[in-house]
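In what comes next, chain A is part of two complexes: it sits with chain B in the first one and with chain C in the second one.
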Partner chain A sequence: MSATAPSSALARDLRLLGVAFAFELRKVTAWRAGFVVRELMRSLWRPLVMIFVYRAILATSDARIGGFDFPTMVAYLILAASFEKLLFHQRGLDLADQIFQGYVTKYLTMPVRFFVLALGRFAQHLAVQSSVIAGLWAVGSLLFPQWWPRAASASAAVEAFALVLLGSYCAFLVCFLVNVLAFWLEVVWTLSAMASFVFSFAAGVLVPVSAMPESLAGALRWLFPYWAVSAPGELFLGRLGTQEFVRGVCVLLSWIVALELTREFLWRRGLHRHVGAGA
Partner chain B sequence: MNEVLIEMRGAGKRFRTWKRREGLGGFFVNLFAREWTEVAALEGIELEIRRGEFLGLIGANGAGKTTLLKCVSGITPVSSGSARMFGCDSFALRDEHKRRLSMVMGQRSQLWWDLPAIDSFRLLREIYSVPRSDFELRLREAAERLGVADKLQRQLRNLSLGERMKMEIIGAFLHEPDVVFLDEPTIGLDLVSRETIRRYLVEINRARGVTIVLTSHDMEDIEETCRRLVILRQGRVLFDGGLVDLKARTYERRAIEVHLEPSSPGWDAAFEPLLEPLGARLERAAPLTLLFSVPAPAVQRFVPFVFERFAIRDLSIEHHPLDMIIRQIFQQREGGS
Partner chain C sequence: MNALLHHLRLAREFARVGVIRKSQFRVEFLTQVVMDTAWYLVHIATFEILFAHTDSLAGWSRAEVRVFLGFLFLSDAFWMIWLGQCWHFGRELKDGVLDSLRLRPGASVFVYFFQRFSLEACINGAMALGWLLFALLDIPGALAPLGLLKLAWALALVFWARTVLSVGFTIAEFRAVNSDLSNLAWEVTMTLADRPVDVFPLRMRQLLTSFVPVAALSSLPAAFVLGRISPLEAAAHSLWIFLLGVGVFAWWRRSFRHYASALG
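Moving on to the complex of A and B:
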């Protein structure tokens, strides 16, 4: 085996990633209605409803929840919605379906790491959602300048974005893992829906984690969803500092390592079990 | 031509499954005490496939055809014995080996439903590292030969079943593989599409020496493309040999198909003993069609026999069709076992 083999394999994976990205982009835009509903509108309605809920709760000007007054809460909800859109979600992968119905079989005879194709989906998701969010922020800050969140500093914005990207990768790995369970289980979509609900709560999409009881908030700070949505939101608004950012990076990297190892293990075990059902 | 590309030695594949007891009581028992059983999908398979062969793999549903393809192509590991391709364990094929093989599942599309086939082909080009110029040339040539050159830009879901399958075939051959597995590629296709696909496969097998393993329930597919036949039954190889050899076994018999007038009396079980002295057998009896297998020397005596008993609209005498030969093999083995 030559010493250049790993680097050429990496170069091949990167080239394939580029093509897979373009392929996924074509797939996601193949249906205009599907694109508008799934890609543009996803994750927008819940925070919009929560704005009205908080309007009722924080009716007086001095009312606070965990240090958030109403304008800060609105800014936080806009940030949470934007960050949640960037996070990879359960409907982004149809791997479980492919395993159940035997379509994944075809990839097993190809000279390709299946994960690279899935990564193409992840890259497409980030690209599309970043564009959507950029458009949303441009329109939103023009129409609602008094409510739209402003970054405490340029570095706070960069740090927040970095945490969201790492968090999104964690979410992608969790989606992949839940899908791979289809090698063993028939209840993957139920598990996926449950995971999504837990994720929304732990990420602080509806209620900022810092506004939750301290014991619960302390526990959630060890989980990656908090560092993917709630913490970046507070970093952006200047409610958390660089020290917290560093902690967030460490927690997220630890999660990525653990999830990557689990993914590799489950994928290999799953393939050994695979019978290509129905194919 | 002599190089062995695929080799199975005593290969077996067993699946573990649990028996689902019926009823509500069975449901509760299943929760706490499962009764596991092992199903042998393949047993003691001995098989060698050489470069350039066109092999037909046939058998009833559940005979193990697709499982055999999966084991030999590395999709699933064998439970016992060995399955090797290109000299390597099939389940541990490296990328350079996988570049030399291809698989088409007749009921599982390789191409993306919502996109034109050309988009999926471009992804395949990258996966198999096909140089751009080769890709364009091969694509154009295959699309023209299969008559779908003007359909490449059309969304796959808007193509007919036959056109979709032709696209699958194009995708399978784009990287010029050495071995191609085709699992029921003509299922549900019309006559013209089937013929086009068969002709293309035969041409490419002859021109490039591609080894092709074809499973099909359509005996015409097998007869018009394959030179060697492997018959599977309950996970075991029942017959492995040349199609010509197989036909020669029953060369001394003829298939006589009798089409009756609507007013004619039909087949009666009382006629059975009358067939025995002639060495004839009734193979199939439909209301207005009877199919007999008759020894060649007895044909002269058999024809008057049927004319005496039935009002006949038409009658044909032919060598045994392949499906009848195969049915006989099954019957002989059942009788022998």
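Moving on to the complex of A and C:
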């Protein structure tokens, strides 16, 4: 009896996840122009513009930045743009609005776990962005074969992808946490925006972490953004090995545990405080 | 002249309401100041790291890029102080809540875009100005009387270009409702404005200094103050961007005439 109860709860959560995923997918594709703008073009620009910056520094000489020559840097930036697209984005979750406007209450009275609905968004994000990236890579590798990144090996590609997925889940949990702060704060978009700036820098979207001063790079290697973008990029290109992959998995899993515990704690405390009318 | 005074009085009223609103939301005040500070630090750190690997970025030295960043920060601060409402335009257009704009006492472009005064962004504006002055200390003659005159001119160009782009990008929302096109345009624009325009190829530079004058947010004013372009060239750019702005505002007003409450 006690063994079947959790499994039936899990089955119910999985069914709900499937339904939430399907509805989120329908919603995101309902506005076609919005779909193109929000889903196809998001997160591409910063790394791509940096190609011009690095061209100005690297293309006319034998100079290297952190061991990157110009073609390797271009490959890295394409990877950074692709991986950043896979990371859950702050605009993907409107929980703070639901809390501010009080209509999160209706979900709380339903016999489902609210977090599963948010997980539906995460699953939809991964599905849509994976498809978009697959399309971009197909086109990019046909049009720019000399610049497009090639995996050092099949295992390097798999390891990189695994790190990005774990990193994306960390990013999703951070978004959820920032949104949950709406139980206490009048506004959270500034925190989301700030997290986004700091994340881009710490993830090495603009400058590879290995090109940063060693003391700074050493500190960033303890944070999940590095293992979500910069390290997978270097793994893919064969600049890092399996030992670093294992370390990355350990760091990311530690972050997931810490963020999950914080999420549980803040969600419970927030619900105690919630009166159905915002912060 | 009367119209100008009238709109200045409106601006003062928006500022007064903005100050009152922010006295109610102290955490919002603090987080916005911290957010912009983080944005400044990320930019400074990025360029300082790049200059640890090179002496020149498309002909810009480290000291010159610091001036460039000063203009970028001030341009952003002006945007945050006065033009924050533009972020909400797409949503408000879709929700059909712009009806009252037709009744308000002033030019619709001014009343809509300047309605959300941000006191906290003034703190960031002061920090940005501090950074710019710090950067200009390394530039001979930049703080002499003639240099200060050029600085005032450059700042006027930055603020005008910001307003023109803010208004111009929202026109796309009239054509594609709920598309987020204006926000995407800003994302792309800010990404392009974040780097000295000389890093881009010629055709792109021409585009960014003419029809989409992103360079006027940071690169052009910095180049003028640093003496990288002549006053005559700066005057030509200023005149063009002024005329472009007049055209953009007229186009926005014309688009707004087709606004119906139930676009969503």
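The definition used in the following text is that the second predicted complex is superposed on the first by the 273 of 279 C-alpha atoms of A that agree within 3 Å, B and C clash if a C-alpha of one lies under 4 Å from a C-alpha of the other, contacts with A are read in each partner's own complex, and residues count from 1 in each chain.
Here is the rule we go by: a contact is a pair of C-beta atoms (placed from the backbone, for glycine too) under 8 Å apart; a residue touches a chain by one contact, two chains touch by 3 or more.
Every value quoted in this text rests on a predicted model; they were computed, and no experiment measured them.
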Next on the checklist: On the A-aligned overlay, A:R46 touches which partner chain: chain B = first, chain C = second, or both, or neither?
Outcome noted: second
Next on the checklist: Applying the document's definition of touch, where does A:R15 land relative to chain B and chain C: first, second, both, or neither?
Outcome noted: first
Next on the checklist: Touch test for A:R55: chain B only (first), chain C only (second), both, or neither?
Outcome noted: second
Item to check | Contacts of A:F161 with chain B and chain C, given as first, second, both or neither | outcome: neither
Checklist outcome for this item: chain A contact check, chain B vs chain C, more residues touched by chain C
Checklist entry - First (chain B), second (chain C), both or neither: which does A:K106 touch? => result first
Next on the checklist: Just checking: does A:P213 make contact with chain B only, chain C only, both, or neither of them? Give me first, second, both or neither.
Outcome noted: second
Checklist entry - Do any residues of chain A touch both chain B and chain C, and if so, which are they? => result 31
Item to check | Residues of chain A that touch chain B when the two form their complex | outcome: 12, 15-16, 19-20, 23, 26-27, 30-31, 101-103, 105-106, 108-112, 272, 274-276, 278-279
Checklist entry - Residues of chain C touching chain A in their complex? => result 25, 27-28, 31-32, 34-35, 38-39, 42, 45-46, 49-50, 52-54, 57-58, 176, 178-181, 184, 187-188, 191-192, 194-195, 198-201
Item to check | chain B to chain A touching residues, read off their complex | outcome: 15, 66-67, 70, 73-77, 95-96, 98-99, 101-103, 105, 107-110, 112, 114-115, 119-120, 122-123, 126-129, 155, 183
Checklist entry - Which of the residues in chain A come into contact with chain C in the complex? => result 31, 33-34, 36-38, 41-42, 45-46, 49-50, 52-53, 55-57, 63, 65-66, 185-187, 190-191, 193-194, 197-198, 200-201, 206-207, 211-213
